[in-house]
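Got some structures for you, see below.
What follows is chain A paired twice: with chain B in the first complex and chain C in the second.
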Partner chain A sequence: MVTLILRRIAMAVPTLLGVTVVIWLLLSILPGDPLAFLLPQDASPADRARLATELGLDQPLPIRYVDWLFDMMRGDFGYSPFRRREVADLIAAAWKNTALLAGFSAAFGLTIGISLGTLAGVYRGSAIDRFVTGLAIVGLSVPSFWVAILLLIVFSAQFKVLPAGGMATLDGGLSSFLGHLVMPVISGSMVSIAITARVTRASIVETFKAEFVDTLRAKGLRERQVLLHVAKNAISPVLTTTGLQVGFLLGGSVLIETIFSWPGLGQLVFNAIAARDLRIVQATTVVIAATFVILNLLVDLLQMTFDPRQKRAA
Partner chain B sequence: MLMTAPRPTVARISPAPCTDDTPLLAVRDLTTQFPTRHGWLTAVNHISYELQAGRVLGVLGESGSGKSAMLRTILGLQPKSTRIAGEVLLDGRDLISMSAAEREDMRGASVSMVFQDPMTALDPVFTVEQQLVETIRRHSTLSRTEAAARALELLQTVQIPSPERRLKAYPFELSGGMRQRVVIAIALVSNPRLLLADEPTTALDVTVQARVLDLFRDLKHRMGMGIIFVTHDLAVAAEIADDIAVMYAGRIVEFGSLDDIVRSPQHPYTRGLLEANIRPGQHERPEAIPGSPPNLAKLPPGCSFAPRCHVAEAACWEAVPAATTVAPGHGVRCLKAAVSVETVVR
Partner chain C sequence: MALAEPMTAHSAIAAWAAVDAPATPESYLQAARRRFMSSRVGLAALAVLLFLVALSVCAPLLTSYDPAVGQPVDRLKAIGTPGHLLGTDEQGRDMLTRILYGGRMSLIAGLAPVFVATVIGTALGSLSGFIGRWVAAVIMRTMDMFYAFPAVLLAIAISASLGPGLFNQIIALSIIYIAPIARVAEAATRRIVVAEFIEAAKLTGAPTTRIIVTQVLANIFSPIFVYASGLVGLAIVTAASLSFLGLGVRPPTPEWGFMLNSLRGTIYVNPWVAALPGFFIFITSISFNMLADSVRDALDVKE
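Here is the complex of A and B:
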């Protein structure tokens, strides 16, 4: 089992390297001159050259890539001349805030999504099933920013019961802390709820058709025990989408964080793009990609514990 | 026992002389219908028979003849939308009119079932031991350790080699024959009075098939349970059955002892099944029955085999033939058969 885990981790390394190459190339070949943003319009060519040397922009592409990669591996994501801070510090602070929001959104979204999906799957064809399926379609087709704005209008502007934006720490009291979370969590986890509910329902329905369910009933198990067997068999696709959902949430939603001025990764990257602060964009994208790779690794390992057949396949 | 729609001509056929008066299982006028887009599909059509403890009834028929539907109805495993009529009396208790909770308690306790495909009949993500232990504990008050000991004992009963190791295995780590033995072990957990076997050897290799059949014979002798053994293979039925019920389009068209059926088949369909088998020393090609079974949602008014029958006459198309007794314990639903036997008797 330990060698298996180590092998999976080793397999993740080339994936991550590939991701850094793509991110770096994409952002390097983008049109637009970062020096133009940093220098006054009347800067002399000598000034330009000096700044380029200072930032390492005069080196050939491969050298700049390798330098960047090794710096990152040391935890040095570079210095943001716009924000006048270390990129690593900026990302660490933003990541903590995004992780907080993502944690609550994932817990909320997955609990509701899996519960609704299971209900719909067990009582397939019933009114509950039709309700959940309809709700999932609405959740998938309504844009999350629209729901966010609607929530803002109703709960902040109209009834003034929830703060319109920003984040509160626990120091300011539990109700303020949770109050700031409610609307971002609801609007941000809508898609997760919809996708999770649909996948869970489909997997449960499919598993109930399996022949071993007849055996379980034929040996006299109560329906509740049968459902436990079905759930353990149905969990694999749910875990896979769960990994992706959590990945998206941890990547920080640009829309949600911008609307609710949540100081997370999404907002950081949004502002960085606007300012053409390439170092932050690059570093944030790498962090998000790494999050995805690690989450998928975790999902694979979790699935092995649920399905013994995958242990052998790996 | 074989029954028909026109009551006065009902023929009562008991399988061979028996010592006990009340049969282990009495199926009376059992009908199972599934809703389809084209109306009700009659999978099991007014079936009646009796089974004594310690005997094996072989149910013979093609796929779609209603064999599996009949077994599932006995155990109550049919979908909710199914329409059921008739009685299934196990030791005098009706399984059809039972409450859902009573049925759950009955399943796996007094009646067990072995399914066709051992590759899909076991839960793939639980070990053999877990699947046995949960069944044992469901039907007894044994502790976890006691149940584990009983699980080991059951694997020994079904003759699985190195059973201690197999207990910890997952189904995918076992061969098909071994999985079927596990399925049988699960069915034996509480020494059921009645064992329903739905083509339990069909999915297995021929050599494994023979050994699983040996196991069934052994169980019948040692445990004295009644077994309904459904198969489409006459050779398999001949290996294990005491009595044979031949099913066609949801009805039992012929019923008798194994000897009756093999030596003097009366129904043209039974004869067709016999001819479709290769006998030792046979040189000519086996004769297949022409045509295919009728649509169960649109049964013809007369004998359902008439469209495929080479001796059918006008009367055969008019009404479903009543069951007639051709010899003690040997009944058939065929106008032509009755005539021919009478001729023989005369």
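Here is the complex of A and C:
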């Protein structure tokens, strides 16, 4: 078991390296002069050359990559001339806020999705099932940023019951804290609800076909007890998708955080794009991707403990 | 066969004969078309999409307003204002006109990347699946790297480094959809590569590329087509997301995602006009998703 876990952890290392290579290549090879932002228009060629040497830009590509990687591993993401701050500080502050929003969204999405999916799976073919299936298609198709704007129109503009944006800490009271979370969480977790409901429904329906269900019924178990066994066996595919969904949440966070002025990584990326501060975009993307890879690793490990069959597959 | 009729020996034979009568059995594609034509949801979705395409293509015939220029005195008119059926935006431009023209960009920005990614992903995936060995290892492990990113975020990062514009947006979205299509193509190719007709084709001494083009592609078409059609709805929304962030077409060219963002400031004065572009993104995306579901059922592909 320990070897299996270690092997799975070791498998994440090349993935993480690959992530850094992809991001680094994308932002190094693509057009754009990295010095243009840092130097005044009338800088002399000698000044340009000196700054290029200082930043290591005269080195061959592989060496620049390795330098960049080692800097990052030391926590040095460079300096943002626009924000006049270390990029690492900006990211550290924003990361917590994004984690808070993504955590609440994931919990909300999973709870609602699993509940709806289970209802649909147990009462398959019924009106509830059709409702949930329809809702899932809507959830998969609807743009999260449109839901966000609709919520803003209804709850902030018309009824003025929810704050239009920003984040509140717990110091300001629980209701203000949750009030700021409601709309970002709902609009951000639409896709999550849809995927979870779909996968849960399919898994429940599939598990009900298994032979052990007949055995349980033949043994005289009540339907509610049978459902407990089914649910336990049906949870694995749902867990598999949680990692994927966190990916949706993190990617969608750029839109949701921008709309609701949530001071997280997404807003950081958006503002950096507007200022063409690619260093922040680069670093934030690496941090989010690394978070994503590690979360997927945790989900896999969790599954190995839940489902003994996974151990053999690993 | 009418179920109400009592089943006599004669009608039973007639029914049996009717089922087995055609001399030539229905081909796979004929059966698929028959199944699709009997799907009401699929036909309805197709009708909505054709209607939207027709509207955006015929935009200059349907409206006399300029999509890029507005009348500042007519700013922020509500839906139903005479002369401005869907109201006007923050610069006094007719919303109906901008929605019609905006559909062009939104549809292109959603469809083009899926098409490009399907071509490249199919080539990479079928090559890996067919040759295997180190070729597959190199291609597919590279594809795996793309799974380590939240797709939308990767598209945003690529788009941001390329700079705004429709073309760059299409490149960014194409890149993120290549990997999943390559996976589907590779899996489908590996399933058929052991078949006898492939073995026979190899024995004729035909070059690999010709076998892939003449034998493999026809046999992996269905799963790839189904997967790609399922991506379109998502791509429409993702493309609109990029435009929303200012990474798509440049103003004043109308595009639904960007319109939604620039109207964000007007939700307190003219709320329902501000929500309109999103409604059209949603209708387009859900129609593509429903169409894709019907196509999957019609082609009888199991996911």
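We adopt the following convention: the second predicted complex is superposed on the first by the 309 of 314 C-alpha atoms of A that agree within 3 Å, B and C clash if a C-alpha of one lies under 4 Å from a C-alpha of the other, contacts with A are read in each partner's own complex, and residues count from 1 in each chain.
Throughout what follows, a residue touches a chain if its C-beta (ideal position, glycine included) is under 8 Å from a C-beta of that chain, and two chains touch if they have at least 3 such contacts.
The structure displayed is predicted, hence computed values, not measured ones.
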So, after the overlay on chain A, do chain B and chain C clash or fit? They fit
Just chain B (first), just chain C (second), both, or neither: which does A:Arg222 touch? first
Does chain B (first) or chain C (second) touch A:Val66, or do both, or does neither?
neither
### Task
Kindly classify A:Ile137 by the partners it touches after superposition: chain B alone (first), chain C alone (second), both, or neither?
second
Ask   = If you stack the two complexes on chain A, which partner ends up touching A:Leu152: first (chain B), second (chain C), both, or neither?
value = second
Point to revise | Partner chain(s) touched by A:Ala274 [first = chain B, second = chain C, both, neither] | key: second
*With the two structures laid over each other on chain A, which partner does A:Leu25 touch: chain B (first), chain C (second), both, or neither?*
neither
Of the two partners chain B and chain C, more of chain A gets touched by chain C
Once superposed, chain B sits from chain C at a minimum Cα distance (Å) of 8
Given the complex, residues on chain A that touch chain C span 15-16, 18-19, 21-23, 26-27, 30-32, 137-138, 140-143, 145-146, 149-150, 152-153, 156-158, 247-248, 250-252, 254-255, 258-259, 269-270, 272-274, 278, 281-282, 285, 288-289, 292-293
The answer for chain B against chain A in the complex is residues 75, 77, 104-109, 112-113, 115, 117, 120-126, 134-135, 138-139, 170, 172, 183, 186-187, 189
Listed in rising order, chain A residues that touch chain B in their complex are 210-212, 214-223, 225, 229, 232-233, 306-309, 312
Seen from chain C, its contact residues with chain A in the complex are 144-146, 148-154, 156-158, 160-163, 233-234, 237, 240-241, 244-247, 257, 260-261, 264, 267-268, 271-272, 274-275, 278-279, 281-282, 285-286, 288-290, 293
